[in-house]
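In the two assemblies presented below, chain A is common to both, partnered first by chain B and then by chain C.
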Partner chain A sequence: MTATESIKIEKPPKGASIPAKKGIKKAILGIFKKALETESLDALIIPVKVPETESYAWVLLKDTALLENADPLPPVMTIQGGKVLSDLTKHGKINKNIAAVLRPCETRAAVELFKLKQLHFENISLISIDCPGAIPLSEYLAEPEKSEKSFGNVLDKWDGDDSVREICKTCYRFSLPTLTNAPASDLHIGLSGNTKDDVVLIPVTSKGEKILEKLDLKPESSLQKWETKIKEIKKIKSQRRKEFNHDFKTNISGPEKFTAVFDGCINCHNCQSVCPICYCQQCYFDSATTKLSSEDYFRRAKERGALRFPLDTMLFHLGRMSHMALSCVSCGACEDGLPHVHFRISGLQPRRRADPASIQLYPGNK
Partner chain B sequence: MSDVLKIKKPVEEGITEFLKYLLEKNKVNGKFSQLLPKYWEAAKNSEVLPSLRPTCTACEHFVPALADIIVSVAGNKNLTEECSLHLNTSKGEELAQGAPGNKTTEKLNDRELSKLKELRQKEREKLFASVKDKNLGLAGMVKTFAPCLSCHGCRQVCPICFCTLCDFDSKTQEDKPSHYESELQQKGGARIPSGTLYFHTGRMIHMAVSCVNCGMCSDVCPVDIPVATLFSMVGESLQKLFDYLPGKDLEEPAPCETFIENEFAGLGE
Partner chain C sequence: MEKAYTPQIIGFLCNWCSYTGADLAGVSRLQIPSSIRVIRLMCSGRIDPLFVTKAIFKGSDGVMMMGCHPGDCHYQKGNYYTRRRYKTIKTVLEVLHLDAERIVLSWVSASEGVKYARVTKEFSNKITGLGPNPLKKEIFL
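== the complex of A and B ==
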């Protein structure tokens, strides 16, 4: 039995092409609506724009009216989708037939959480979608309209537009898992490489095949054009990642440069609380064990001549890294979760990242 | 061999002058250094610097009444000429005994302090008015906290939130799948994670009476929720009910520590 309780199809031969004359998102939502109406699915987990706000929230829904504001691929990643699935099924399987619509790095986080026994996959199908990246959350919040527009451009061009997050620009696992050697989803939505007039639904496992069957959709369209485009983008992004890794390594090597990366850390541990893989109820670094007695503080201060507060910032980041880096899916949630400082004087940058490089220190699986 | 910059001053003064040059010419600290002269100028002239954190522009309690030594800054016209340390307690006096400098007796500049306080009060009214209509009430709260990532950074950096394991991060607050199943049944949909508003209102109930309006919660928020303004506003009204100012008096018990049987007997009548 695989993680998703189903049999993987070795090489997805064909996909079901869906016309998207009114836009790809509408076409996808149309399929989901049909799936809920025909009870092919009991419910769906999908990002939904909160009415009268610019925020996206994860919603488990069966009421198709709620699909009105849903977005299978929002311009930002708010809460990591893998974390959402864990919230739902950490304490046992759900007794409904549910599909979760996730970015590829979110499906991979879900799989990691399953291995870590923080998630139950029974009755859950994973639907992944080609992802061109996400806009930095702080930039989106500052200028939502502009960000929606630039995300539209990113989706059109697929060339790693400047407006997506740094980590997304170098992400080469942005598509169907079997093409990018990452764990599988059950059904994949192919966007890139198609004309803007259609999207392609690709069954990856028997579970995914069943969803298509119930929807009366036949995977009969060739995937060649899509596959060619994906390979093309993957090549560009892999090269970019390689170059980035090389430069970054130079920029952080040595204790001085490395320490400087975490200079601005205020110990909020936001990076830890938004990380999909950091699942501990109480982090060791927040526990009473890490609090010293006043004698210890004095001893340390005496030994070193001075003591910076809060203590052991580096220990936290290095500790978290050694716990997490192996399962890191390079989703960028930690960097999006960092606090930023406002400068409201005109002429100054509106926001400044406290700690811009931290995410890049978690390389994922190379 | 390397170039040498020679400053004809004793080494300590020379370094200070060089650092000052770096700051003034914006060569270190990025654009932040532009703020510094303005910051001191505003302090000296009892003005409200608009670039301060919102809760700081609206802070009325800027004279640390409990401190042992108060460094006179606000409204101090001699700021650039001398450094005045007001020895506020016997501990302060003891510490300063024999220290270099002249000892005089004078009061903090009441007129300047009241002027600044008045300005800050006006800012406070403006700040509260800015959130009152759009951020409060059930609909307003839902919208305000809509972008919340549940990172709980506000709780983590809050000086008053001291619990090692917050109840809202504990197992008690985790929902079973059956909870979501019944939400689906009853409402047709459910937000995951659940309980975002519950966390914020819960934290508010626990914290607001001791909230010192420091602004850390807003500073840390990755999605720009005006947490500090809301806490400050709710805190103020709550503190008024108990005639309580957090941090004012070491001997005064916190309202949650005192039980008065007939307190607020009129409520709900």
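== the complex of A and C ==
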């Protein structure tokens, strides 16, 4: 049984092509509208632009009017979608038939959370979408209009325009996974490689096939063009990731460099609270255990010669690394959540995840 | 005269096997290195990676993780988690060049007093050879 509890169908040979004369997003939303109207789906969970503001929020909706402001691929990743699904289903399966529209790194987070028993997949269909990256949150908030525009360019160019987040420039898992046996989603929306006049819906599991069936869509179009383009982009991004991994390793090895990388940390723990995988109810580092008596501080200061405050600022990062190493999905939410300081955290984990030879104990290490 | 260097090693021992094994070693009057400080846990599966990384960051010269042999865990699969965690911590420390060799995982059953004496001695000798953990004096870490 696969993570999504559906039967994986063999490598999808064909997809259902949808005309997108009025833009790809409109075309996708049109499909969702039909799915809700025909009750093929009871509800949908999707990012929606909050009226009168520049932010995007996840909304569980049934009312098709709300789809007006929905966006299957918003320019920013506000809250990691895996976290949202976990919130929704942590305490048990849902009885409605819903679909969630997620970026690939969000579907991977959902799968990891499922393995950690933090999420139920029953009755949920995961719909993933080709993702060109996301604009850094801070940049988007500073200049939303400009960011919307540059995101449009990113969608046109597809090979990692400069304006997307660093992690996205090196994200080679931005589409359907082809290297793993476990499907990360049920239905995939292929964007790249198609002319801007169509999008292609690719059934990945039997659940995905059923959705298409209910919508009367037949997967009859060839995926060749899409696959070729995906391969091309993947190659570029994998190469970038390789280079990044190499540089990163050189820049963090040894106690001095490690300290230097994290020196900007202001101990806000934002990286932890936005991470989909950091799911403990109470983190040791937020607990009272970390607060010592002044005598204790003095004793420690004496042992070391001096004592850095707050205690454990660096240990926190090492702790997070050793907790996350096997499950980090390289989504960059941690980095995006940083306040004013800038250091690469999401890069830490994928370096090892990208190197399965180093950790072979985990079947989910994809 | 300068005092000979004795490392400080933290041993996280599972109650059911390794701790009993250590006890047996003591009762059998085997020689155990004085460098090892034992912390007893109900299962090696209780060893959070944080225990180990914290010990190293705070300046322990070595850390031993010990539990029941695979298949013998009192709670069925605790030591499988331990094994996976050990590999993870090792890899993380290796990548960071933070003295990964100061950590070891060992399976010691309740009847293996002799093994307990041997592995602790071997590890203690190794750590003595490595010398004090350089992170002990790192102020900014």
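Please note the rule applied: the second predicted complex is superposed on the first by the 334 of 366 C-alpha atoms of A that agree within 3 Å, B and C clash if a C-alpha of one lies under 4 Å from a C-alpha of the other, contacts with A are read in each partner's own complex, and residues count from 1 in each chain.
The criterion applied here is as follows: a residue touches a chain if its C-beta (ideal position, glycine included) is under 8 Å from a C-beta of that chain, and two chains touch if they have at least 3 such contacts.
It should be emphasised that the depicted structure is a prediction, and the values quoted were computed from it without experimental measurement.
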Fit or clash between chain C and chain B when superposed on chain A: fit
Which of chain B and chain C A:W58 touches, first, second, both or neither: first
Which superposed partner A:L318 touches (first chain B, second chain C, both, neither): second
First, second, both or neither for A:C280, with chain B first and chain C second: neither
Partner chain in contact with A:L116 - chain B first, chain C second, else both or neither: neither
First, second, both or neither for A:L292, with chain B first and chain C second: neither
Chain B versus chain C as contact partner of A:G337, first or second or both or neither: first
Winner by number of chain A residues touched, once chain B and chain C are compared: B
Chain B versus chain C as contact partner of A:N270, first or second or both or neither: first
Which of chain B and chain C A:D87 touches, first, second, both or neither: first
Lowest C-alpha to C-alpha distance for chain C against chain B (Å): 18
Contact residues of chain A, present in both the chain B and the chain C interface: 352
Interfacial residue positions of chain A with respect to chain C in the complex: 249, 252-255, 258-259, 263, 284, 303-308, 312, 314-315, 318-319, 321-323, 325-326, 351-352, 358-359, 361-362
Contact footprint of chain B on chain A as seen in their complex: 42-43, 45, 50, 52-55, 57-63, 65-66, 78-79, 83-84, 87-96, 120, 137-138, 141, 266-270, 273-274, 281-282, 286-288, 336-345, 348-349, 352
Chain B residues within the chain A interface of the complex: 30-32, 34-35, 50-51, 53, 142-143, 146-147, 149-153, 156-157, 164-165, 169-171, 174-177, 180-181, 183-184, 187-194, 219-224
Interface residues, chain C side, partner chain A - complex: 48-50, 53-54, 57, 59, 83-85, 87-89, 91-92, 95-98, 134-141
